[in-house]
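See the structures that follow.
The two complexes that follow have subunit A in common; it is paired with subunit B in the first and with subunit C in the second.
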Partner chain A sequence: MPLLEVKDLTIRFGGLVAVDNLSFTMEKGQVVALIGPNGAGKTTVINLLTGFYTPNEGEVRLNGENLVGMSTDQVVEKGLSRTFQNIRLFSNMSVEDNILIGMQHRIEYGAFLSLFPNSKKNHWEKEAKAETLEILKKVGLEDSLSEKSTSLPYGKQRKLEIGRALAAHPKILLLDEPAAGMNPAEKQELSTFIRSLLNEVDGILLIEHDMKVVMSISDKIVVLNHGAKICEGTPAEVQNNPEVIEAYLGKKGGHHDVARG
Partner chain B sequence: MSKFLQILVNGISLGSIYALTAIGYSLIYSILQLINMSNAAVFLTSAVIFYALYSSITAGSVALTFILTLIAAGALGYVIEFIAIRPIREKGDSNTYALISSIGVKTILEQLCQGTFGSEIKPFPTLLAGKYINLAGARTSAIQIIIIVVTLVILLGMTWFTQHNRVGRGLRALSQNLNACHLMGMPVNTLIGLSFTVGSMLAAVSGVAYCMYLSSISISVGSAIGNKAFAATVLGGIGELKGAVIGGYILAIAENFVSGYWSMSASNFISFAILILVLIIKPTGIFGKKEQKKV
Partner chain C sequence: MKKLLTPKNITFAIIMVGMAIAPLLTSPYSLRILITAELNMIFAMSLNLLMGIGGTVSFGHAAFYSIGAYTTACLWYHFKWAYSTSFLLVILITGLAGLLLALPMSRITGRYVTIITLSFAEIVNLIIKNWDKVTLGQMGIVGIPSINLFGFKFTNKIQFFYFTLIFVILTYIIMNWLVNSKLGRNLQAMRDDSIAAEAMGIKLFPNKVIVFTISAIFAGIAGSLYAHLMTYVEPSTFNANLSFNCISIVVIGGLGNFSGTLIGSLFLSILPEYLRRFDFLFKYRMIAYGLVLVIVMWLNHSIPGGKLKEAVKGFFVRKDKMEVA
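Moving on, here comes the complex of A and B:
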């Protein structure tokens, strides 16, 4: 059984089919990249997987269990956790608090118990702080514990966001354009970092525009254009696929399709 | 000098009452950008619940009555959000609809209170009635001191709550980026419901305290204080909790000075004169930050 199975996923906004009959699978231990020209529907797919949108048709199965129809917090509980294309950290909060927020749904004591000192709460909060430190070590931010999140340099903010997603104990991490806005050196480092995250999670779904990053870390690439899958395979297979080249560069032979990307 | 002090003490105790209710407005605004008009009615309803419980089931025990009232107010807040705000929010409709819905809730609660309680003024239980302390010439009643002390404790508690409590931490996250919280899969609905619970409990403390201060209750207390607490929120900067508190104190002290040195009736419009001035000169209030609309 695949770790993640997306089957015939379709969503329409009015007359527009944003995601059209999309199917792909992810095995345990894989980095799967979802690529495609701007407007191909990549972020929509993430929003479908995380329950933010409900698809008109299709299934999203995590270890065999269908997640369609679940709310965003239920999906996180099942094990899908995400980062954002444009960083969405809690800007007025410390680095530590941002990670703690990522653990919000795992908290084992209720709102009522939170108001008094009690063993359950004390125990949990202690563990949470310890785990926060651990996560921050993994993403290399342990020295910035009490810094304000927005005072961090850009690359570190991305890592904090990934740390926040890890705090939810996901099975699958969904990274929406993690390399956006990074310089080549940062991208190089990020690639190694993402690959290393497979020690923490069972699988990673990556949306990325930077082909160098995608090609270097993906086990499998799914190419979308106009919401539909046009190709799927290893980096080498995808790179040589004529349909992919067309989607990115336009049709050979002087058609005006170039502008469609 | 003693007159000055007297006015100041009166201002601070009234300011405490404004501040507690104002926090409720500010908290919910900071998360939903919604002016929750039902807050003023919760202020009244809580006082009525206290009165009803005290004159029947829990007669004699102020502490027990108070605890039961707090629980009832907290539940009421959650229910208000659940019934009147959440469906509108989930449909993605404009906040204007939610505002109107909250005005509807306010009206319903006020009418319920009027129907069950009646429209006459009734005596309200107070604490240590007739006990006064002389603070450098300012005659301070015991209940005034209790109100000021309780408010300070609650404000400290709120600081702890927002900084170190899991719910408070969540509410802070919500107020900074509601959409991200939603996309991240935080239990947004429950947290928003709890923000109404917190706001309502503060309004309940405020409502009971105010009636104890007056030693009487009538159904007009809600709108009288509720509207002024709202003015205080705007003065301090809506959406900022410390703004609500400072705004509450400034407004109440200003009112007391106007009524002490000028006239009683002028004090009743001074809040709203200040409100209008703030809106003209610095619409974001004392602590409010200018919001940058992202396009």
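Moving on, here comes the complex of A and C:
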């Protein structure tokens, strides 16, 4: 049984078919990349997987269990956790608090016990804060514990967002363009870092525009264009697929031939 | 212990020590103003929980204050309940009112919240004005006795002052417990970015309901104390002005900053009274009051912990943009 199985996933916004009959699978221990030109529907796929959108048709199976129709908080509990294309940290909260929010669904005391000190609250807070420190060490931010999240440099904000997603103890981590806005050295480091995350999670689904990053860390690449899958395979297979080249660069010999130059 | 000695808590301690010795030094008139300031502290801290931590600007917070005041007044008038018993019903009824107002919040954001909270306060006020059998309508309820606590009657304002001070301290402490808990963190996360909060598995609606309920209860407690302080309640006291004054206190003190709220309360309770002295110079003291408010807003960073720039920005920029990135 595959770790994640997406089957015939379709969503329409009015007349626009944003994701069209998309199917792919992810095995345990894989990094799967979702690529495609701008507007291909990559982020929509992540929104569908995490319960932000409900698909018109299709299934999303995590270890065989269908996630379609679940709310975002249920999806988090089932084991999908995401980051965002444009970093969405909790801007007025500290680095520590951002991670604590990531693990909030595992902290088991409710609103009433929040109002006064009690042993259950103390126990969970202590445990959560110890774990926070461990996560911050993993993403290399242990020195910035009490800093405001938005005062961090850009690269570290990305790391913090990944740390926040990791804190939810996901089975699958969904990363939406993690390398956006980074310089080559940072991208190189990020690639190694993402690959190392496979020790923490069962699988990683990645949306990325930077081909160097995608090719170096992916086990499998799914290429989308206009919401539909045009190709799927290993990096080497995808690189040589004529349809992919056409989607990205245009048709050879066509009017807008940019590939020839 | 180190965690307790934050600048905010130290500010809080200094103000409380100052308040504790104040009755020894002031006239009965000033004492009354200080009690009003205490009530404003509880009232404004409850709003700050909703605005600064919960990220919802309520323009009708006076509704809960008036419900608290009228609950205790009506219970005394109709059933001769003492404060120690009516207090429990004040908590129950204002809590339910908060819950009621929170229900439409699952579907609306931004400016619609403003309209709903504003109209809620107006509706509550109209009910009070017209429900003659219970609230005595426009006449108001007069002759409410001072607080009677399990048979112990408060005979002077100094006792009342210290009793209210205990409530201020309790409110401050509970707010801090709340903010540094899972609930408080989740609320702040929703305030900063509701979409990311949702993506982290926070259920937005239940949290909204809880923060409205808690906030309403504390506002109601302040209102119930007000009824016993003034010995009478009438509908016109609880107008929109009361809500706006409360917002001013919160904004001057800094959103999410509870010790700042205490300073804001002192400031906005004492200033209008102080300006009364200059009535002979010019009759437009409210203009002076407005001017001072504007100046304070400009000098926001000179007030400890004032986060005014962000607060004003928060009013005009919708943080809860609805599109999903």
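In the analysis below, the second predicted complex is superposed on the first by the 254 of 261 C-alpha atoms of A that agree within 3 Å, B and C clash if a C-alpha of one lies under 4 Å from a C-alpha of the other, contacts with A are read in each partner's own complex, and residues count from 1 in each chain.
Here is the rule we use: a contact is a pair of C-beta atoms (placed from the backbone, for glycine too) under 8 Å apart; a residue touches a chain by one contact, two chains touch by 3 or more.
Everything numeric here is computed off the predicted structure, so don't read it as measured data.
Under the clash rule set out above, the superposition-derived model of subunit A with subunit B and subunit C contains a clash between the two partners. Within the superposed three-chain model, A:180 lies out of touch with both subunit B and subunit C [touch as defined at top]. By the document's definition of touching, of the two partners only subunit C reaches A:85; subunit B does not. Taking subunit A as the reference, the larger set of touched residues comes from C, when subunit B and subunit C are compared. Within the superposed three-chain model, A:93 lies in touch with subunit B and with subunit C [touch as defined at top]. When the two structures are aligned on the shared chain, A:43 is found in touch with subunit C, with no touch to subunit B. Contacts of A:198 after superposition: neither subunit B nor subunit C is touched.
When both complexes are overlaid on chain A, the residue A:211 reaches neither subunit B nor subunit C. Looking at the shared chain after the overlay, A:117 reaches subunit C, while subunit B stays out of its contact range.
Once chain A of one complex is fitted onto chain A of the other, the partner contacts of A:168 extend to both subunit B and subunit C.
Residues 47, 50, 52, 71-73, 75-77, 81-82, 84, 88, 90-93, 97, 100-102, 104-105, 107, 109, 111, 114-115, 164, 168 of subunit A contact both subunit B in one complex and subunit C in the other. If you check the complex, the residues on subunit C that touch subunit A are 174, 177-178, 181-186, 188-189, 191-193, 195-203, 206-207, 210, 214, 256, 310, 324-325. Residues 47, 50-52, 71-77, 81-82, 84, 88, 90-93, 97, 100-102, 104-105, 107, 109, 111, 114-115, 164-165, 168 of subunit A are the ones touching subunit B in the complex.
Contacts from subunit B toward subunit A in the complex involve residues 165-167, 169-170, 172-173, 176-177, 179-188, 190, 194.
Interface residues of subunit A facing subunit C in the complex, by the touch rule stated above, are 43, 47, 50, 52-53, 71-73, 75-77, 81-82, 84-86, 88-93, 97, 100-102, 104-105, 107, 109-111, 113-117, 121, 124-125, 164, 168, 176.
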